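Have a look at this one.
Naming follows writing order (A, B, C and D), and every chain is counted from residue 1.
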Amino acid sequence: MKLMNGQEYVESLRQYKPDIQVKGKKVTSVADEPLFKPGINAIAVTYELAHNKKHQDIMTAKLSNGNVVNRLNALDFNHEDLRKKLEMTRLICKWTGCGQRYLMHDALGALAEITKMVDNDKKTEYFNSFQGYLDHVQIHDLTCGTAVTDAKGDRSKRPHQQSNPDLYVHVIEKNKEGIVVRGAKANITGAPYMHEFIVLPTRNMTEKDKAYALSFAVPVDAPGLKIIAKPAGRPEDKEAPFSSNFGQSTGLVIFNDVFIPWNRVFMCGEWEYAGKLAEAFANHHRHSCIGARAGLGDMIIGSTALMAEYNGLPHAEVAHIQRAMSELIRIVEGFYATGIAASVLGRKTVAKNYVPDSVQSNIGKLMLAEQVYDIFRIAHEISGGIVNTAPNPEDLELPESGELINEYLAAKEGVPTEDRINMARFIEDLTASKEGGFYSIISNHGGGSPEAMRKSAVGNYDFENQKNHIISKLKCFAKLEGTCKNCETCVNDEHECSDTREHGILEK
Amino acid sequence: MKLMNGQEYVESLRQYKPDIQVKGKKVTSVADEPLFKPGINAIAVTYELAHNKKHQDIMTAKLSNGNVVNRLNALDFNHEDLRKKLEMTRLICKWTGCGQRYLMHDALGALAEITKMVDNDKKTEYFNSFQGYLDHVQIHDLTCGTAVTDAKGDRSKRPHQQSNPDLYVHVIEKNKEGIVVRGAKANITGAPYMHEFIVLPTRNMTEKDKAYALSFAVPVDAPGLKIIAKPAGRPEDKEAPFSSNFGQSTGLVIFNDVFIPWNRVFMCGEWEYAGKLAEAFANHHRHSCIGARAGLGDMIIGSTALMAEYNGLPHAEVAHIQRAMSELIRIVEGFYATGIAASVLGRKTVAKNYVPDSVQSNIGKLMLAEQVYDIFRIAHEISGGIVNTAPNPEDLELPESGELINEYLAAKEGVPTEDRINMARFIEDLTASKEGGFYSIISNHGGGSPEAMRKSAVGNYDFENQKNHIISKLKCFAKLEGTCKNCETCVNDEHECSDTREHGILEK
Amino acid sequence: MKLMNGQEYVESLRQYKPDIQVKGKKVTSVADEPLFKPGINAIAVTYELAHNKKHQDIMTAKLSNGNVVNRLNALDFNHEDLRKKLEMTRLICKWTGCGQRYLMHDALGALAEITKMVDNDKKTEYFNSFQGYLDHVQIHDLTCGTAVTDAKGDRSKRPHQQSNPDLYVHVIEKNKEGIVVRGAKANITGAPYMHEFIVLPTRNMTEKDKAYALSFAVPVDAPGLKIIAKPAGRPEDKEAPFSSNFGQSTGLVIFNDVFIPWNRVFMCGEWEYAGKLAEAFANHHRHSCIGARAGLGDMIIGSTALMAEYNGLPHAEVAHIQRAMSELIRIVEGFYATGIAASVLGRKTVAKNYVPDSVQSNIGKLMLAEQVYDIFRIAHEISGGIVNTAPNPEDLELPESGELINEYLAAKEGVPTEDRINMARFIEDLTASKEGGFYSIISNHGGGSPEAMRKSAVGNYDFENQKNHIISKLKCFAKLEGTCKNCETCVNDEHECSDTREHGILEK
Amino acid sequence: MKLMNGQEYVESLRQYKPDIQVKGKKVTSVADEPLFKPGINAIAVTYELAHNKKHQDIMTAKLSNGNVVNRLNALDFNHEDLRKKLEMTRLICKWTGCGQRYLMHDALGALAEITKMVDNDKKTEYFNSFQGYLDHVQIHDLTCGTAVTDAKGDRSKRPHQQSNPDLYVHVIEKNKEGIVVRGAKANITGAPYMHEFIVLPTRNMTEKDKAYALSFAVPVDAPGLKIIAKPAGRPEDKEAPFSSNFGQSTGLVIFNDVFIPWNRVFMCGEWEYAGKLAEAFANHHRHSCIGARAGLGDMIIGSTALMAEYNGLPHAEVAHIQRAMSELIRIVEGFYATGIAASVLGRKTVAKNYVPDSVQSNIGKLMLAEQVYDIFRIAHEISGGIVNTAPNPEDLELPESGELINEYLAAKEGVPTEDRINMARFIEDLTASKEGGFYSIISNHGGGSPEAMRKSAVGNYDFENQKNHIISKLKCFAKLEGTCKNCETCVNDEHECSDTREHGILEK
């Protein structure tokens, strides 16, 4: 049992020899690849913060055997765990923009529930395999990528209907030792600098899709596994104060007949549960997204409050800046509130772990999916055009032009022009650059599209209770308008109405 | 100690002889006044529900001495109490539209904190008086109106600047037994059918406003107290299935030199605390408003889900109705989430009671203040024009026209036309009638205007923490871009940066 | 040829003996029925304004024969006519809330186009009948109701699929003289105080719905025609300064085997054109709705600007009121702009009359359908709670309470309390009463539901042009990245790319 | 008189020897500088389109002397000119994202009006100078940058209050030949590849700011004028299909004691008119912005419609994509409608040219300033995560990985994967890259901040008319409720009420 620190995580990557390509180049050492550095830094922060005394309560979890693990590698066992996990994602993302590693936490929570459920119903033994894998992950303090979204092909067709059968990951062979899988998962967050992948189905399935009802874990360097990755953040870009330090890679993860031993297989053919596993993951993960984006919100609130001051228009003194700031707070703390509510209203699963409330998770993720654009809008309204027009660093570095810029882009007296420009560039990086674009799209589509959230929120809502209340209310009113004067008011029972007690309510 | 039921509450009103006028008529018996019946019914529900076993956990509170009281009359002593109070307001308002009595709860919570605070600072003895009054309220299971909003006069001037000194309630005489007060409080919810009033200042004060820094309690029939009230709901209106049963009166409460004994005075001249008392009340009350309007939301979700089905367009089958329903849920459960968050993040006061988190209370109240209009919009989009155009009851009652209406306004087969029309009228009552107008305005301005919420949310937000995080982050980045390679990363301490440890994060 | 004035219109109603019922009572004289008075007043205004010199240019139209008619009874023959018609609806509704009579104008415009189109395609003679009817309407300066929305029954089924064949109006007999029709039209605006009805199909039809593809005109008192009407506005309500004077009735119009002579039949069986006629009407009418609701907006902008001043918080001095006012203007003038654009971009029909641009008409109507709720929200934020809590008139009339109210509800010095209360009541009437509810629902569903607008806007949009531009652009970029250096840039032709001229654009 | 084509414009830049720096490098030939190429291309398009027969009507204007000029260099002399100018900006920006040159058009329109106004009031001769300059611009078919925004310094202080007097451009010397100016203008669009600059004041002034009330024209290479510029678009970026071809530079333009001859001075000391000139420019320019952003909207509508098809989810078949598309159309055509309305309602100036309606210009610019973020949100919702996660071009170019990508990122059958990826990259370029960030910020702050628009819209609105209508209406109602039965209804005159005619309206 160990809690690695950031440096140990980076070193640990050297033990793997994955097949990775980025911008057309084969990567020889992930730990040393500059194009992945911002992503590796972000993961490293999740290890470092677990050593930070101030944050240990939310960054680590004590197992029932007394061992302490990084909370990102632990299941949630009560409402408090859910809240701490939410705070943890906010903290991590306040530092890194997107800490990425919480996807693993969410996959583990979903697998715990659904492997247990399948075992209960089908007399399988997946939960044991899962438990063994959980121990492995915790003992080695691993970071696992979560591979959910398949290549998908024609979006109007199910897996088995695709003309190319490999567009969803599927099992092509089963033997005594294990299974062989083929296909590709797309848009996999942090793919190149993971230790392993946890693979989950991306949607509900029919019996004909049986071969696609598949979940397993696999090391990043398993034979046949290939990753075509994108750079993380804006590495080595001087105009990217934030995303040259912290960013995210995504990768296309291709399974070219990869062998998976049975003890790493968590679902194989139980098509009735594919959708449940996808949805269980979604509930955990949308909850994490809420914390994550609140962390982005923290950075934007802090930086725009400073920018307003540097411009000489502090929110406390300027009405329209104050109004804008109130909207920023309302949005960020507003969707964060749904994360708290999802925690508090979370439900215990058959595996005894806890899952966030699905209505709240979904509406919260839906809010941020749409409101991240409002956050950018408000950040720009508060900060001004300099976010985009601040001169390039090379001009600042030359003495003559540097001096002119210092003179003419000065604003609030006492604030160095350089600080104002740095803040502008920081805000540009977060909201008006390729990285800003990434944040908007990951908020909009990460963890499912807005429409997926709408459908889940409606699908999981308890309409029956709401409708019954109205029906009994109208029945009661109708009665009272007639002869009934002494009924047991509906207040006392939402579904029945009888005539036995004086109460003084609703009589005509 | 007793828990009255609805009927007992109604009877208890007979013990008071208040000076009340409604629509130009002197009211001789409040308990029997038809124009107040819907309001009295709503209060009665708050008594009835406390006897309902299913709801006792949230409707009642156990005092430290073991006595059980209606939770509306109790202080909150932990986060759980705050959550139950939130649920209680939702339940009450799901039944009654607006249960009114929670204003008392909120006033008691604010008085506990501020009387203690003033006593601590000024060596006064207000907390004792408050404690005595709290006992009185609990022992007799009273319903007290909360009188906050003064007449105000010219809104650009402070109390002492008004040309008419009576536009804010003020003390005009102090003697050994007590004080004499004069002025008027406007828009007082439920005024005519209260047992007593708790009077609080409506704003912050300066030293010159000292006479207006005033808080006290007074029975509804104290000599000199006069109420000019409005009818509650839409009494005796056949087209008002809901608000002929449940509604709210508001009243102009005039203090024409009313005597208040010292043991009922909770602030008198401590002008520095007037704003604090007003704000403490606001924090409690905005939290209640969140639960209250979620209860209205419950009624609208239930009734529009039914209306869609009656029209033959159930949300589960019709895409644009499903979308509308997802927005309704997002709004109602979205602002309700802020109520949960405000509970969970609530703070302990000097009096040991708990107050909801002010940022969450304020943004939640702001959300509902603006979104109640969206709720109405969506309810109308889902329900259709029949909400407004359903024929009058008199036409339904005549056999010939009744039959024609039954034939031609039928929609979904199997649903009686009468049920469809009743549902339309119910939705009209809540969203497109004088009562609907009341709900929108009470949501918008009750508990303070939207602008008050915006200012409070910004004013109570911890910007320093957010700004410091950014400053330290940028400092750290700057350093790393220079010489530092082995620094103690900012991750380990948000405000300092030194050079003592290898860590692998953020190095160039 | 004549232009009646208001009084003459009222008198003209005495010539008809319709079968009308309101609130269970048979109406003996429409002209004298107090429950219809506000609706009759509103129509009368459309006659009066045509005599007002200041407004004659927009209220009247000169026919090609030199005769002058009320513009509401005229076709539009150019873009200017469309703009004047838009202004006319704004003017009328600024006076009356909803002038109702423009529905006739819109039906006439649609019939001109579609009868001509059917004649062209089918060698029918409907256009002649239409022309004859138009002359009749213009000569007698009539007001005709427009009956579009059928009873509809189960909304998931087409007309011929309904279990009750009468749920859509259909022809049950044809003979030499004419046809006999049966069924009901619902929610018919202004039904009881019309001279005649113009009946249009409500949707597209299939061949099996042939009997329902029907359009005709009929006097309000034709044998077999029965109207079950609702009161117009809030007649005789002292708290309704506006809607006791101006309002709208709606009626269920039942055709109990009504005979229609051939010269009043405009479609009978041409099912392929039913949808076209419905849509043509919609294009005209949604354009009118834009003007109409801008007129409501005018009243709300004017009254809230005054209310803010009476409260002592004029928008020119108070930042958050100014912000609210800017939103009000943005909404009202924003959707009005789409009406202007729809006029300017309007299209000439086969009948040589003009129809507003359908994309603009639809998005404008969609805007107001949703934004009327925002208008109410902003009106309330600006005006304050007094909109709802102003004391009843009866209390103001009693000397003692009147004096107290005058003292305590005074605000801005110099403004009589009575003016402030009247303004509050006026705003309540428009935005927070049954009439306010009517305005919101008529905005939301009148002229079609929001979803109908969304579908029409998308359905009528020229996507091909937009897509082709992108395809050619990307093709051009691709080419330039390769070998092409001297191409005729796409700028010169959006769809082709060749290599003939030096131009300096887009070369690498 | 000539109409240059694109190539001639590029060549014409070689006649100037400006002092320009970009990314720390001195630019030796603007025409050949790769970092400016996308900006130069965009300007070139404005010349090319004037030669395109299809567009000549809107791209060129005929002067009263019969000469034809590029419309961008012409004044508007009627409503039709305003509409064509609006269409022209839409067309140009549909091609280039931002054609930049319309700023000149807007400056010329403003100068015409205000120089005439000052001459009329002050007996100056600025209009003659302006007319001479206009001839010069038209004869040589120039592109002039418009320099409005000063460096500004402390935003809470006026020009003369700044500790550094140079933070606003001011006159430091006047002599017989002309004036000498010092200071800097910031964020100047297209600065490095302009022929000349037109300098306007950025705000209203007081008498003490007299030296800052300054307007003049100056060639880009005048001695003492220095530009520190940013690259235009994303030059030479393989992942930028659009902005490697078309983009915008901005520059800091420094006036280091630059001499301006009197015939190029348009204001010098007339401080009362500084604000008027700034506002006149804003009215013209906000109108142009509406057309410009509609052009961006065109590109996004076209590309997302294609993307949806390539994904296999065409809007015509998928409800939530259709809904998203309806919102996109509503936004783009909605704010474009305000541009049409501003044209149609435009006003003639003292110089006989036309200026767009200020209320409509301001609300339209405000709409797009806020809604560009919604456009991006909807574009992302429709397009999916691939906008951000499409593999890098280098991976596509390698045969092995290219093949894998082609297999796994295929979607709709028949659509080449490459087309899908190109479309994703095009959409990323416009909405989720540094260029996308530029478009959002230029929309938000270009032509003035959202708050400036709000204040202008409210400031220019005719509240008096709206208020008078309400006052007369309420007066009329009041009268009618009393004795008046036969009054001349308010309908006949909005401000008076007398008793002379029977009319039947509004009587009780």
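Following the convention adopted for this analysis, contacts are C-beta pairs under 8 Å (C-beta built on N, C-alpha and C of every residue); 3 or more make two chains touch, one makes a residue touch a chain.
Source: prediction; values computed, not measured.
J.: Consider the two chain pairs A-B and B-D; indicate the one with the greater count of contacting C-beta pairs.
T.: When A-B is set beside B-D, the one with more contacts is A-B.
J.: Going by the average position of its CA atoms, which chain sits the greatest distance from chain C?
T.: A
J.: Report, in whole Å, the distance between the mean C-alpha point of chain A and the mean C-alpha point of chain D.
T.: Result: the chain centres lie 39 Å from each other.
J.: Suppose each chain is reduced to the average of its Cα coordinates; what separation in Å results between chain B and chain D?
T.: Here chain B and chain D have centroids separated by 47 Å.
J.: Find the geometric centre of each of chain A and chain B from their Cα atoms only, then give the gap between the two centres in Å, rounded to an integer.
T.: Distance between chain centres, rounded to whole Å: 35 Å.
J.: Mark out which residues of chain A touch at least two other chains, giving numbers and ranges.
T.: Chain A, residues with two or more chain partners: 320, 323, 454.
J.: Within the complex, which stretch of chain A touches chain C?
T.: Going by the criterion above, the answer is residues 319-320, 323.
J.: Sort out for me which residues of chain C touch chain D in the complex.
T.: Within the complex, chain C touches chain D at residues 5-7, 9-11, 41, 44-45, 48-49, 51-52, 54, 83, 94-95, 241-242, 245, 298-299, 301-303, 305-306, 315-316, 322-323, 325-326, 329-330, 333-334, 336-338, 340-342, 344-345, 359-360, 363-364, 366-367, 422-423, 426, 454-455, 457-458, 461, 463, 466-471, 473-474, 477-478, 480, 489, 491-493, 502-506.
J.: Spell out the part of chain D that touches chain A in their complex, as residue ranges.
T.: Its residues touching chain A are 21-25, 149, 151-157, 163-164, 166-167, 184, 186-187, 226, 228, 230-231, 250, 252, 254, 311-313, 320, 370, 373-374, 376-377, 380-381, 384-389, 391-392, 394-395, 397-398, 401, 404-405, 407-413, 428, 431-434, 436-438, 440-442, 444-446, 449-451, 454.
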